[in-house]
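One chain, chain A, links the two complexes that follow: it is found with chain B in the first and with chain C in the second.
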Partner chain A sequence: MSKAQRQSRLDPLWSSLPAAALVGFFVLVPLAIFAVYSILTSRLFEVSGPVTTRNFSDALRSNLNRSLSRNSAEIGLLAAVFSVGLALPMAFWMRHGAKRARAIVMFAVVASFMTGYLVRIYAFRTVLGTSGVINTVLLRLGIVDHPVEALLFSRISVTVALVHIFLPYATITLFAAMAPLSTSYLEAAEDLGANARQRWSRLIAPIMFAPALSTFVLVFVLSASDYVTPQFLGGTNGATIGTQVQVAFTGAGDFGAGAAVSMLMLVAFMICYAVGVGVPRLLGLGRLRFMS
Partner chain B sequence: MSRVRRTPVVSTVTFAAVMFLWIPIALVVLFSFHSTGSLTFPFRGFSLRWYREVLGSEEVQRAALNSLTIALASTVSTVLLGTLAAYGLSRTRSRWRPAVAVLFFVPLTLPGLFLGISLLVFFREAKASLSLVTVTIAHLVYVLPYFLLIARAALDRLDPVLDEVAADLGATRWQTFRRVTLPQVWPVLVGAGLLSFALSFDEFIITFFVIGPDSTLPMYIFSQLRRTVDPQINAIATLLLATVIALFAVTFLVTVRASSSRRRLALTDLTGGGA
Partner chain C sequence: MRLKLIVLGGEGEKLADDGKVGGTVNFLSWEGYDLPDPLKDWRAANNINVATTFIGNHDDIQAKIKTGGAASGYDIITYYQGYKNLYTELDILTQIDESKVPNLKNLFPYFASDIGGYWTKGGVRTGVPFTFGAQGLTYDSAAMSELPSWYDLLDPKFKGKVGMVDDATGVLTMGCHLLGLDPGTLKKADLPKVVDLTKKFVAQTRGVSASYGDLTQQLVSGEIQAIYIGWAAVNSFAATAGKTTVTTSLPKEGAYSFCDSFAIPSTAKNVASVLSWINAVMDPKVNAAAAVGLVGGTTVKNAVPLLDDATRSLYPYDDLDGFLAKAPFYPNPPVDSTEFVTGTEWKQAWGELKQSAGG
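The block that comes next holds the complex of A and B.
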């Protein structure tokens, strides 16, 4: 038996084992421990037996949690709506725009994708702050006579920064998903007399529905769980459930409560992902494939 | 060939969005050269004083060195383990394939907040003290799935007949990989490695929970942000931006030149090429 034949008996999947073991050990095991924390009794920076459901009942009954969750959901929804809403036309333009300008836009998007997360938060702080660029310009022009404080430390500023953070990602993903939407299809639609609106609704929308929805859900989940942006841009009205969880683990030391809230958030996010995958399938749009 | 007619709305939105993405960053860069501590107009003249302060700071140097070490260590491990795993997933006929694929998908969908906290809890229970090692482990499991997604898409696009031909000619699997597969995909692997590096270098959300007493550049920016806002942060931000863009430009040129026109690193490679 030759060496090649002997080797071919071993399935290539074995070469995935080291990476799989690593991810299993450092992601699934920690998640399991985290889940166990949510049903243990919490003391200061400590959890121990006996098993209890109190963390969950407290988390569900808390009015604070409810309003923080509402904040998070609103911020997440707005960030997702604007990210996907801007990314779709951008991705379309990047596929079909004028050649030279296309390269510039692509570079602009990829380079901003690589711009630091904290750097962007910082940028908006200097732009939106009471002594920030927008306010000083407005004051100088005499449009307002005192700085507009609502620009910073509000849900709006958090949302704007999150859109800035996730827009490049959404654009690149949707650009990749537009591959089946070839020029010849669009030309054919045009030749058959479809106007711009009909092209969007009959051709582009059915192809882009599933990828747009999954991008929407991902941006929603990542924005709604963000705990850094609200800290720096949110003020008191912009506090979110994510900041609450972070404080439970690093400041307050109430591990049980933090873990219970986290588990509830995870369940909510999993439902979101299920909707993101399930709805296109129900509509028969999940597996659209075109020759390109 | 006639081009598709673009509606003015699409062009306007694209233009506005690019402005939205770049004006705040451009302002950060501009004020990093400000001669005063002010971060707003009027602009009172150029100076490199903030760069001098930042580059002279021992705290920044240590943070930068830590960031570099972590990013290098996690990238090298990611490229090695990720390439192996991607090869396995793309060539296997095993019925376990979907399960393994889903496993690698978990960290991509899990918000960093939860990955960070669960690792914090895990290291606590394991009585492992937090250090740069725990950060590197965290970055590795965070970055690896991204690398894998891109590498797998590149491997899946290859013509499987080439592998069979090589096997028929008596090549071992390693020889086939080395001589047939790798020459076709290495530019994508390099690009994905670079993305891994950039992701790790910039990571804050998870790092915050598992770092312990050490610092990285994002951690340093975070601590500065909590205290004051002055052009030092602008200078660090500009240096980071310049580094990442330079890295990208170099990688792009190297891979494009080396692979001639055969297989160029494309934007779509960053997201795993469609689907």
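The block that comes next holds the complex of A and C.
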């Protein structure tokens, strides 16, 4: 191997070292601390020996944890289904149909990032509330006699807010993933007699399956672990499992319980990620490559 | 050279410092409790700069101090009387040198006493009460009439119109009060009674809220009409937001009261300035301004004539003892106990209760 070849192999290694060091320090070290906490005995903001599995067994046996995990999964699934379901056609339209409007639409999508998270949550209260915009319109049109209370402090409001928050992420991710899907493929399919439905089912869907699934997993994980939106918009059954981690660490001072729930959440999300990566491979979709 | 000593000890241990008033005071408590306006002159006169860390939940105080340790450097905190035992257990509180706070003589006899051991115990002072209040029933008088009883909130017509803050301590203390039980010595067998009663009130809500600020927003927008375990300060918050019809009453069953005290945590460095701060707040003029700003009660007797009419009418100062008998101060549940419900069991019960009430 020549010196130049060795140099070109080493360059990426050196250049990635700062990022690797940052990830190691700010992600892996805290994770290791959590892992240690989760197997130690806790008592009021302290952990100490002996090593125990009780934090995990308590966390797994807890009816409250199971109920909150179910809430998290349902909220995450709803948000992911609607986010990806809306983002996919939107990203396709931006890539292949928007033409000159693309820049404007892209600006609108990016602009939504610039609005504060809590501001958006409170904005939904004024839109979905009993005296909000939607109920006012419904009442004035005579469609309902009384304000629809189910719009706010319910799964509906949480899902709508989370979709609004994560739709831009999903749209931009899928828009980028569609870059190699050139118009010539679509034209070739059309020339070969494929109608719109066939183009979607036999060309676009197989190619976009893997990135769509990755986006789905991303939105699911972020939504299921979010406990702020459900707290403000979710009603009495809107709490998620993340709340338990917060309560354990700040309220009860039970570091072991909080760490154990965190580690279990991490395992659950890693399984989701593995499914997201593994399913396309099992279906043979991971081998699909675009011709350049 | 004098040695600056930080004692990470428990209740009763004194902190020493260089004795000079001035510099930066690191404040950790609720927004507003730093009393920026009432203490404006004192700050200017002593060249004090206040670095504030505001909390969203009382539990943030012990979490920040215990996880941050001495390096966190918080000089002054406040604590609700119910937290006294927990903070003692956690070695957060230090002894306050009463000789450096001559204005302690201004306290009402009740707050100068060692009732409950909340502020002084065994001759050791760990807190100086500066404001108090009763958790009444806050409601929008434009939407409903005053309710004589807390149980009236369970009327089906208020379904979905009641707000509640996500506060395990407050909600279950109120449940205990209504059942004639003491949350500090609640027998484990009695917990289901408190949970069952509280569940009925939670079922009247459309969700528990993160804060009183959040509940105020719901009152102002008309989403809710009343708050189970309200707070007189919400009247003021709502008025500021344009809704002047929000008021707070005390139903016939009474309620529980809260008393917040300034304290010096074991992380404090600028002790002399904190002692001076506390002494300044015991000044009638400063304490009256604090009570008006916080829409709360004053703990300083000579501050009463200095209150505005609205603030003075909040509490009957001519019969404070009688009022506090109807709306008493309670301790929180113990940290460990085989006989009584502990704080951890309490929080667990609240978490499960919220879930089950939501169906």
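What we mean here is this: the second predicted complex is superposed on the first by the 258 of 292 C-alpha atoms of A that agree within 3 Å, B and C clash if a C-alpha of one lies under 4 Å from a C-alpha of the other, contacts with A are read in each partner's own complex, and residues count from 1 in each chain.
Here is the rule we go by: a residue touches a chain if its C-beta (ideal position, glycine included) is under 8 Å from a C-beta of that chain, and two chains touch if they have at least 3 such contacts.
Because the structure is a prediction, the values reported are computed rather than measured.
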item: More chain A residues in contact - chain B or chain C; value: B
item: Which superposed partner A:Val81 touches (first chain B, second chain C, both, neither); value: neither
item: Partner chain in contact with A:Arg125 - chain B first, chain C second, else both or neither; value: both
item: Partner chain(s) touched by A:Phe249 [first = chain B, second = chain C, both, neither]; value: both
item: Partner chain in contact with A:Leu64 - chain B first, chain C second, else both or neither; value: second
item: A:Leu152 touches, of chain B and chain C: first, second, both or neither?; value: second
item: Touched partner set for A:Leu44, first chain B, second chain C, both or neither; value: second
item: Partner chain in contact with A:Gly234 - chain B first, chain C second, else both or neither; value: second
item: Touched partner set for A:Val109, first chain B, second chain C, both or neither; value: first
item: Intersection of the chain A residues that touch chain B with those that touch chain C; value: 122, 125-126, 129, 131, 232, 249-250
item: Of all residues in chain A, those that touch chain C in their complex; value: 44-46, 63-64, 67-68, 122, 125-126, 129-131, 149, 152-154, 231-232, 234-239, 243-244, 247, 249-254
item: List of chain C residues in touch with chain A within their complex; value: 57, 59-60, 62-63, 66-67, 89-90, 160, 166, 168, 202-203, 205-210, 214, 217-218, 221-223, 335, 343-344, 347-348, 351-352, 354-355, 357-359
item: Interface residues, chain B side, partner chain A - complex; value: 1-7, 9-11, 13-14, 17-18, 20-25, 27-28, 31, 39-41, 81-82, 84-85, 87-89, 91-94, 96-97, 100, 103-104, 106-107, 109-115, 117-122, 125, 137-138, 140-141, 144-145, 148, 167, 170-173, 198, 202, 204-205, 208-209, 218, 221-222, 225, 229, 233-234, 237, 240-241, 244-245, 248, 267-268, 270-275
item: Contact set on chain A toward chain B in their complex; value: 2-4, 7-8, 11-20, 22-24, 26-31, 33-34, 37, 86, 89-90, 92-94, 96-98, 105-106, 108-127, 129, 131-133, 136-137, 140, 163-164, 167-168, 171-173, 175-177, 179-180, 183, 186-187, 190, 196, 218, 221-222, 225-228, 232, 242, 245-246, 249-250, 255, 258-259, 262, 265-266, 269, 273
